[in-house]
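Worksheet: the structure to be examined is printed underneath.
Letters A, B, C and D mark the chains in the order given here, with residues in each chain numbered from 1 onward.
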Amino acid sequence: MSTVSMSVDLGGIEMRNPLNTASGTYGNGWQFEGFYDVGATLGAMTCKGVAAEPWDGNPAPRLAELPGSAIMNSVGLQNPGVRAFVDGHGAYLQGVRDRGCQVICQVVGHSIGEYVRAMELFEELAPFASGFEVNISCPNIARGGAAMGATCDGAAEVMRAVRPLTSRPVVVKMAPHDVAEIGRALEAEGADALSLINTIPGMAIDVRTRRSRLARATAGVSGPAVHAIAVRMVWECAQAVSIPICGIGGVATGADAAEMLLAGATAVAVGTANLYDPACAPRIASELGQWAQDQGVSDINELIGAFEC
Amino acid sequence: MRMSTRTSLHEFVVVSNELVAQETYRMVIDAPQLAARIVPGQFMNLSVPGDNSHVLRIPLSFKRADALAGTVELIYAVVGEGTRRLSQMRVGDGSSAVGPSGAGWWLPRSEGRALLVAGGVGLPPILAAAGMLADARVGFDVVVGARTQARLVYPDVDDVMRYGTPAAAGTGSAESYDPDRALVVTTDDGSAEGSPAAARSAADGMADLMGGRAYAQVYTCGPAAMMCGVARLARARGIACQASLERMMGCGFGACSCCNVALVRGGNALCCQDGPVFDAEEVVW
Amino acid sequence: MSTVSMSVDLGGIEMRNPLNTASGTYGNGWQFEGFYDVGATLGAMTCKGVAAEPWDGNPAPRLAELPGSAIMNSVGLQNPGVRAFVDGHGAYLQGVRDRGCQVICQVVGHSIGEYVRAMELFEELAPFASGFEVNISCPNIARGGAAMGATCDGAAEVMRAVRPLTSRPVVVKMAPHDVAEIGRALEAEGADALSLINTIPGMAIDVRTRRSRLARATAGVSGPAVHAIAVRMVWECAQAVSIPICGIGGVATGADAAEMLLAGATAVAVGTANLYDPACAPRIASELGQWAQDQGVSDINELIGAFEC
Amino acid sequence: MRMSTRTSLHEFVVVSNELVAQETYRMVIDAPQLAARIVPGQFMNLSVPGDNSHVLRIPLSFKRADALAGTVELIYAVVGEGTRRLSQMRVGDGSSAVGPSGAGWWLPRSEGRALLVAGGVGLPPILAAAGMLADARVGFDVVVGARTQARLVYPDVDDVMRYGTPAAAGTGSAESYDPDRALVVTTDDGSAEGSPAAARSAADGMADLMGGRAYAQVYTCGPAAMMCGVARLARARGIACQASLERMMGCGFGACSCCNVALVRGGNALCCQDGPVFDAEEVVW
């Protein structure tokens, strides 16, 4: 057992340890109860993106495996809408929170109006949410998502619209693009924290059929292959803003998580690794604690941004 | 939210792993908890140690789980890198399986015979269904299709005739509950009959049987095009049809929404969580 | 043997087949003569970036291996300057060209003036060059390189300065960033072709020492892990411009090269794969020919941009 | 441009691969062309089949190449994933080696004894140098350092005393050309002497020998810090020193410029092409 104090503050979301989960790779938490006690293990968990009304998501196939420890997905935010989400998972999520794990609900929309409507519904119906993550970075939908978060103005506009609707912490999920500039714009609009990166758009073509291996032409790359790129972006963003960052991208080991912290992340979310190694989160948490101890610190916060260059 | 039968992680050890037909292997794994809990039509998601450049697990149905012995029997085809490495696992090698996953077959909801239609490596879950039906004393007939004779997985194909018989139970000579069981074997190139003229699809075999007998339920697993044909035939006769679908799977336990199955009523189900077995009427083929 | 006509035209550089090599991963060609006959095998080869005067490059370590079939480098364009380059390799390169392989010389600089000076020297001293590649995308130097190619204006400025200095074809090597916009700007300034992508900036931190695993804080990620991202960028760029593209990024098989062509590339350059599989180029060329044949075309040009979506 | 001794690709087969000291293996490979061409101090770059997530090859020096038998003998430490998988290769397994690579040791440019200083797995190229010196009838003494006794690679350490003797050549009882050869073994923790008080570095051992004898040339290979100390000692006495350096290598044959070695006269050499053996005076330590 690590004797290091592991708790961190992700923009008002008080986490018992820096470990979070990446939206869309963690179901709504209960899928992992067979692997470990979610509420007792994580600092926070982030639910799948949910919109005001149900979304069907994209057609199949939504997934391809790539060489280089990577996958590509084009799920496109299939979700049942806020009401059904709360009805189906609210009680479980309240239980998770009661056990000490913060619950972050992710808000998605195709337009400013839809983001607003989803946030209003969440604010009203989801007392179990410790905070919200606004996803302006999904590369797999035609409107909203990455299309709105691609510029400082677009990102700021979403933030201006949703920020007044809740007093709970608002994290913004960013695309792997111009993270310093857009991060600053979001900070200026009152974001409490930033999380990055979302998947990197890629293409995988079946050269026999000349068609995409997925139903859409492009899809999002994730997994260990994107880790070094994600660490660099977290570092760039951390240089630019003073709000906390949740580092995401290819984290599969305690050392990967430690890199994120050193680069300036306050919390770290595990994504793709949850899929192929569903019991990885407790292992990563304990490896991270061991590393902090080996570094001779008494508080993990001493290691945030402690990269020396 | 299904929290009752939780999917979890099982370390397993390879008990045997042998070539049983062209590019097709039978593997028995020792995984007592999994063997005790998995039910016909469910699947598991195996990792193969070695090449870290492929991270996803391999979803496999199973043929039979022996709760007493603690073993599960799988049949799989080598189609790519993952299954190729799986075929190289040796007796005593260990790895992990995530399971039991998804929802399995259900018994016919009305009285009457069942018709089982397997194509290629759709065979294992069909054999599991046969075992389930035999346990429930439901009569059934079987169609097994393959591309070529070399890909037919003997002795399993013949064995299915003995499911639920005293011979299978090892209790001597008493009568089967289902003495008229029929087995039809088809090959895409006619090689099972030794003649290209005998080339038939599993759906052809199914049509033949349906001509002679009434069925209450069809169970099918195989290539999508085959299952689509089977479902259409069943529908034309008003027979209920369960189909075990395949999708590329990210997780295999409902965490990633990668394995969608479009539904006739609109929206998508998840193959790994709501399936892999679906009512053929409910899915968009 | 493929009976398909394999020759392509990369903006005036007539290649006997679409296979090129990526600058910086191919020495100056002669290093590969022990593996295969360079002049008889490739459609073109691209030399290491060379400046007007010698550059030392970055300190060691310049390389780290990453999980996920990727490497990271911060070589920083170590080169002997144009004169020494021509003296040392000119005769060999002329021989390569005589054997039917086009020779592309890469031009680098820290400033507009340095690009101009290097281009002038090349134009004067390198009759063996079939064309030039202007590198505005090296992520591993403090001035010039990616810093100049990061915006449309910066890219256009370099191009305006060097374009008048030669009548031979000029290819521009682009960074993995805003490739549609910057590609259009370069086309407008008279680029004959574009090549992309250069490496993607990343970071790898040794969590024990808290320092970079390389001498610099960031370095460029390459190899199979970046392939899907590179294909997407080639496709985006090909939609935006009408000049030909050389597709680069994680190409290690004929199928990888075929994806680049389908996405809109006229030629394909092999990079990192040359390092760990030095005999890969002839294999990739023949796999590509076989694929074209299997696709039933008589001319490989029919497959360029033939992705169906 | 060095085009004379071309680096090329060699398929090899593992002849033996055994643990010879703690985390240290001796591997003999069958690779006739490579064995015929590689010279002491050069290296090769091995690929290990299996895990495609690590793509780079493993650069290894060699101890001895037997052109007649067509084999090359390597000694390597398991330090990471690549060398771990290398240690799992079995007799008969095959893979490929890129080589011969780089420039090897040169004979002393002036008359006199040579002093060889090896640290850890710097041993193989030092043994190769010893072989080269014995062939040339140059007298030499040897210092071998290791972290602990468990990491000393016997019998190679003792064997070096027989290089160039009739015993080594199998020709009976005639005299060695170099009867006074000295061998000093040091361990960082004194375990070779069985006492922490005996803890000494290879440089300490070297200093002792230099106290008693004059040398014309030092050859060294080992951890960078050790070689730096060795080079400094040699320099202080005005003795020429060759050092075999290590760098992370992308290609190993001059294609990528990843393996730079900063030079005293300014600029960078490439370890894989201009080295790995350098004149210690010329490089920035």
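In this text, contacts are C-beta pairs under 8 Å (C-beta built on N, C-alpha and C of every residue); 3 or more make two chains touch, one makes a residue touch a chain.
Here the structure is a predicted model, which is why all the values come from computation and not from measurement.
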What's the overlap between the neighbours of chain C and those of chain D? A, B
Note: of the two pairs A-B and B-C, more contacts are counted for A-B
Report the inter-centroid distance (CA atoms only) between chain A and chain C in whole Å. 35
Approximately how many whole Å separate the CA-defined centres of chain A and chain D? 49
Multi-partner residues in chain A (2 or more other chains touched) are 67-70, 223-224
Where in chain D do residues touch at least two different other chains? 52-54
For this assembly, give the contact graph shape among line, ring, star, complete and other. complete
List of chain C residues in touch with chain D within their complex: 24-27, 30-35, 48, 54, 56-65, 67-71, 73, 75, 78, 88-89, 92, 223-224, 272, 274-279
Across the complex, what residues on chain B touch chain A? 1, 3, 6-9, 47, 52-57, 98, 247-251, 253-262, 266-268, 273
Taking the complex as given, what residues does chain D use to touch chain A? 52-53
Quick check on the complex: what are the chain A residues that touch chain C? 66-70, 72, 200-205, 207-212, 217-218, 221, 223-229, 231-232, 235, 250, 252, 255, 258-259, 262-263, 291, 294-295, 306-309
Residues of chain D that touch chain B when the two form their complex: 50-54
